[in-house]
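Consider the two complexes below, in which chain A is the common component and chain B and chain C are the respective partners.
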Partner chain A sequence: MRDANLAREQWRELLRRRDVFGFGILLPVAIYVLFVGYPVVYTLYLSFCTWDGFSKVVSFVGLSNYTLLFQDPDFWTALGNTILWTIGTLFFSNVVAFVLAVALRSRLVYFGNFLRILFFLPITMSLVATGLMFSFILTPAFGALWTIAQALGFANGPDLLGEPSTALYTLIVVFGWSYIGIPLMLYDAGLTQIPEELYEAARLDGASPLQQMRLVTFPMLRPIFMVVTVLATIEALRAFDLVLVMTRGGPGHASDTLGYFMWVESFHQRHFGYGAAISIVLLVLSSAFSLAYIRRSGRDALGGGG
Partner chain B sequence: MNRQSFGLPQLTGNHSREGSPERSFSRRALLQTLALVAAVSIPTAGVMGPAGSSVAAASEVALRMLDRASDPKQTDYTKWLVDTFNERHKGAISVTLETIPDDDYHQKVSLVLNGTDAPDVFFSWEGGWAELMVQSNFAAPLDAYYEKYGWAKTLTPAAEKLATFGGHKWFLPYYMSASVIWYNTDLFKKYDLKPPQTWEELQKVAETLKSNGVAPFLLANQQQWEAQFDWTGYFVNKNGAAAYQDLLTRKIAWTDPRVVDAFAQMKRMVDDGWFLSGVNSMDFDGTAIIFWKRQQAAMWYQGSFIMSRFLGDDGKLTYPVDWFPYPKIEGADPSVSIFAESTWMINNNSQHKDEAAEFLDFMVSKEAQTQMLTKLGPFPANVSVDESGLPPMVQRLGSLISNYGGFTWMHVDHALGPGVAQPYLEALQGVLAGTVTPEQAADTTEKAAETTQGPVVK
Partner chain C sequence: MSALRGITLPKLLATGALLLFGAIFAYPEFLTIITSLKTQDSVLEAPLALPSQVTFEAYTTTWNVLQYGTLLWNSILYAALGAGFALILAIYPAYTFSRFRFLGARAIFMLLLTTQMLPQETALIPLYDALTKLGLLNTRLGLILIHAAWGMPLQILLLTGFLANQPRELEDAARIDGATERQILRYVVLPLAAPAMAVGFLLNFVGIWKEFIFAITFLNSEAVYPVTIGIMKFSNSRYFTSFTLPAAAVVISQIPLVLLFLLTHRWLARGIYAGAVK
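Then we have the complex of A and B:
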């Protein structure tokens, strides 16, 4: 209660003094609410309506968009693909990037800095450009992959994007290749922060390299694992650009993701209410991961650890 | 949490500081900031408003035109249209051009047309999309202007037919297209082949090509809309244009055995090696033409809009190509799909419909359409445009479009709105990939049609 009174008093004081700085804070808050808060609330509202984007009439239909959504096999395909995409991205971010970071820090690898730059470069490219580049590489008959396959003696190369069984995994690998620079840099920075004395102490205690990894490196990098996991998950849930450029969700729905499914429903089919419902599902999934991360990092900051 | 830990001043600070030089500075800073915001926003508002409106004279009617920007050549042509018209109507009508990139047009046009500052004239597709525009009250009926300017006589008969539905004429086609089978004349010569006129002859041609290691057809279906050409070509020429019209108008269902057979035929063509491999990963805009130029496929059933890929900047053929209509299948009369690739509409909410119609009349004039032919390639909707400078095979097709008196039909994504077309295209791609059976594809499309168009009416 005292805090509330104090806050009220501070607010009155601010209004009385017309402090420019105080109003200065209101401006970014207002901009945030206008450009982030309002669209989110409006999307939520729209998810309970039907609207074709042209008509001035937006009809309230209650929960029927959500009912339809959960009965729609295409939604479950897109959700399943998005989960696979997320798992794949986490593999690239937490396993491949970590192994690369450790390898680049070891004395076994020459030209470490050059290789770091090389691995980081793809993240500086737009995903659309990356998608177009890989589309050409993977094109049957004259793409680089096909040419290599023929040079190796195969009659034909694989049609990775045209086959329903391989299209999604191909996109995931391309996305992993494109995204790996960020987790790699985070792990690389984290590894440099681990005091060498900890490894020396572990070695004196007779710890093997694997035990050093398990007992020193992993615990010390735990906050970075958390950050990488949350960032990669959110990034994977938003997957759209590569799908649009490389497969358009096809063949059939084989490489549909929730982001792409939402775009098709909203902007191609003009089912804006339905598309909004898909957006809300995506928002809930992203928020759940973000909240879990925030809670976890809050506990870590307070020393709660595991 | 200590507020100062964020570097913020104490809000419960010393009251005696009121009126201090520091506070005066804050006020001054506020005023300066406001002045800066105003200075930035006033010209920005000018930019956001209808371009050119500030310079338009008071008596001049200011028109706004919204076009899709599909490629630089097309934008150059539209700029020429606007500049030439403005020059000739100085002081009376002034047109301002606005564009939306082609890929975004579907998505953004609803925002623009729903806005308070909507364009007077705007680009539209024909068929299902045009009906959507009409239902949404964006399109003004053009019957009176067709009468006034005699467009029915100026334009190809197919253009007027396509523009007419629900008892009115709703748009003005300006860029026509026809779907035919393009073939590589060198390959046909090499293997002693003649353009087939019947399905049996086409099968023989396909077998000859396959036995020589050449794919009979090219199909680049990564974007999903391409395979419908082959599907509709087969369906219409096997079952007749009337059956196809019945399908579009819900007199027969998508689960009809003839429809299922057309889906199954597409799968048979894939399985029998009629298409160059990679149909679902080949990009129409990017890689397809490379296969064609490498002579890996001999035929391509597509709209005449792809002709720009075969012609050089001088309008001359750069590749050995010719065309023939889709062959006759069994007893049905063969028919060619003639459709309007691009059309103009007048906004029903425009305050200047008469001036907008005058602008449209200029856009389909012989002069403007001749310019279009030069800059964009064939085919203009205006039948009086001189096409004699074009290669003979192009002239032949132009003549077919201009004179075709019979029924014309549109491919599914033009004929129907996206509510049916999108599930159909996805299902068709699934059939080609083998993940969807012909029956499932028919069923999926039927459900979409029932939701969007209602039940079948016998």
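Then we have the complex of A and C:
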């Protein structure tokens, strides 16, 4: 009862300050609802309908998009590829980037600052530019990789993007290449905030470098590992740009991802209801990963109250 | 002698290994740059060799073929105005979250965090529909509005995090002197928050500059294409007929962000860290 009164009073206080809570709040809320909130809800509704995108007829068909989807082998290919893409990205973000961050901050390595900037550089490239660059490097017969293979004595170089068995993995490695700077930046910021005294204390207690890693570095970086995992997962789940630029999902459907599959179904095939259902699968997957993180961040940022 | 005393075998091995990895890592970039400085014939003759004679032919051709000036101008418009509007829109909500406690604040805040994590694919179809109905499909204004709406949550989160940790004595003093809430915001809070706002703007700017799926879905004429769509022209085939032109296109597309990154990477790093960990 008291809580309800307090809440009402807080809201009344907010609304009374019209100089702050007039346009300044209404406009963001309106834009947010129009361009973010409503579209997501409408996608959910569309996933129960069929619609060609042109006609005014949006017919409600219940769950049939989903039953069709779960019987569509192309969907399972795209889903499997998206999961592989996520696992590969997590390897780059949680293993490779971490090892690099620790190595570049350790006293064992010279040119640490220079190398760090080198690994950050792909961040300045859009995925379209990255895809374009690797496409011509990997071009059969004339590309750089082919030339290197021939110089090493192979008659023919590899056609990494043209082979169903390698196309997806090639895209994943290229994605890892372009993405690695972000987790590296996060680990680096985290590492510089660990107090040196903790390592000194551990050393005094006779901890080996590996033990210091396990007992000091890992626990101190735990929040960053969590953030990196969530961000990398979400980035991987929405994989689209590289697929469109480098393989268009091919050969066949070998490098289809959910994002690309959804885009083709919606904007090429004009099966908007079906595409919406794919989006919802994507939404469910990414929410599953982000929910734990979001609850924690929300609590931290607003100090538990509210 | 003393300068060399610190050099040990493990250090040399570790540094050597990382330099080798770094060289392989950077090689595609390096190759792209040297390719862009050669003629097509010399690329076919010796793809990996350094240019025997540096030429900027590929740059001028690419610039003209893609109408790169227009592409860059469009990208700057989208990134600057999109991130700018997002920042302006973020100010009042961030101030509210950081200064007032009210029922539902946490729920709304979490909703914003959720949006920040949402795959853009999820909203693509209704946005396409909404833009069509508003007559904003294939217009700069339409894309700018969408970028502003999707950039706003991140900027609200960053700014709220910053404001929540700011001392409030100055604001209280201004309030006692009879300043209105809006004057306090304008003359006390915002000037102090300028660095945080700059970081939010920058992150958002970079994100929009690299953005692809909104642009390729909502735009379909060359006059309004940003760089990311413009350079797609060279990706129509896996079998490239020219290497020098796409190489030059890639290099030009990267220059603005490289400059921005070199000037601001400390800020950007801090911003990414704050946006992710807070």
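Just so it is clear, the second predicted complex is superposed on the first by the 272 of 306 C-alpha atoms of A that agree within 3 Å, B and C clash if a C-alpha of one lies under 4 Å from a C-alpha of the other, contacts with A are read in each partner's own complex, and residues count from 1 in each chain.
Here is the rule we use: a contact is a pair of C-beta atoms (placed from the backbone, for glycine too) under 8 Å apart; a residue touches a chain by one contact, two chains touch by 3 or more.
This one's a predicted model, so the numbers in the text were calculated from it and none came from an experiment.
*Asks:* Could you look at A:L69 and tell me whether it touches chain B, chain C, both or neither (first, second, both, neither)?
*Replies:* Neither partner.
*Asks:* Considering only the touch criterion stated at the top, classify A:L79 as touching first (chain B), second (chain C), both, or neither.
*Replies:* neither
*Asks:* Between chain B and chain C, whom does A:V40 touch in the aligned arrangement: first, second, both, or neither?
*Replies:* Second partner only, chain C.
*Asks:* Tell me which of chain B and chain C touches more residues of chain A.
*Replies:* Higher number of touched chain A residues: C.
*Asks:* I'd like to know which partner A:Q10 touches here: chain B for first, chain C for second, both or neither.
*Replies:* In the superposition, A:Q10 contacts both chain B and chain C.
*Asks:* For A:A236, is the partner it touches chain B (first), chain C (second), both, or none of the two (neither)?
*Replies:* neither
*Asks:* By the touch definition at the top of the document, which applies to A:L191: first (chain B), second (chain C), both, or neither?
*Replies:* Touch partners of A:L191: none, neither chain B nor chain C.
*Asks:* Taking the superposition as given, does A:F111 touch the first partner, chain B, the second, chain C, both, or neither?
*Replies:* The second partner, chain C, only.
*Asks:* Once the shared chain is lined up, is A:V216 touching chain B (first), chain C (second), both, or neither of them?
*Replies:* After superposition on chain A, A:V216 lies in contact with neither partner.
*Asks:* Let me test your reading of the model: by the given contact rule, A:N156 touches which partner, first (chain B), second (chain C), both or neither?
*Replies:* Once the two structures are laid over each other on A, A:N156 reaches chain B alone.
*Asks:* Which chain A residues contact chain B in one complex and chain C in the other?
*Replies:* Correct list for chain A: 10, 13-14, 17, 19-21, 53, 132, 135-136, 139-140, 142, 161-162, 247, 267.
*Asks:* Would you mind writing out the residues of chain B in touch with chain A in their complex?
*Replies:* 8-9, 11-13, 18, 23, 26-27, 29-30, 106-107, 110, 113-114, 132-133, 135-136, 138, 222-224, 276-283, 286-287, 290-291, 294, 296, 418-419, 422, 426-427, 429-430, 432-436
*Asks:* Where on chain C is chain A touching in the complex?
*Replies:* Listed in rising order, the residues are 10-11, 14-15, 18-19, 22, 25-26, 28-29, 31-32, 35, 44, 47-48, 89-93, 95-97, 100-106, 109-110, 113-115, 117-130, 145-146, 148-150, 152-153, 156-157, 160-161, 164, 180-182, 185, 206, 209-213, 216-217, 227-229, 231-232, 234-235, 238-240, 243, 246-247, 249-250, 253-254, 257-258, 260-261, 265, 268-270, 272-273, 276-278.
*Asks:* Spell out the part of chain A that touches chain C in their complex, as residue ranges.
*Replies:* 7, 10-11, 13-14, 17, 19-21, 24-25, 27-28, 31-32, 34-36, 38-40, 42-43, 46, 53, 100, 103-104, 106-111, 115, 117-129, 131-137, 139-140, 142-144, 147-148, 151, 161-162, 177, 182, 185-186, 188-190, 223-224, 227, 230-231, 234, 237-238, 240-241, 244-247, 258-259, 262-263, 266-267, 272, 275-276, 278-280, 282-283, 286-287, 290, 293-295, 297-303, 305-306
*Asks:* Applying the document's contact rule, which stretches of chain A touch chain B when the two form their complex?
*Replies:* Spelled out, the residues of chain A in touch with chain B are 9-10, 13-14, 17, 19-23, 52-56, 132, 135-136, 138-142, 156, 159-164, 167, 247-254, 264, 267-271.
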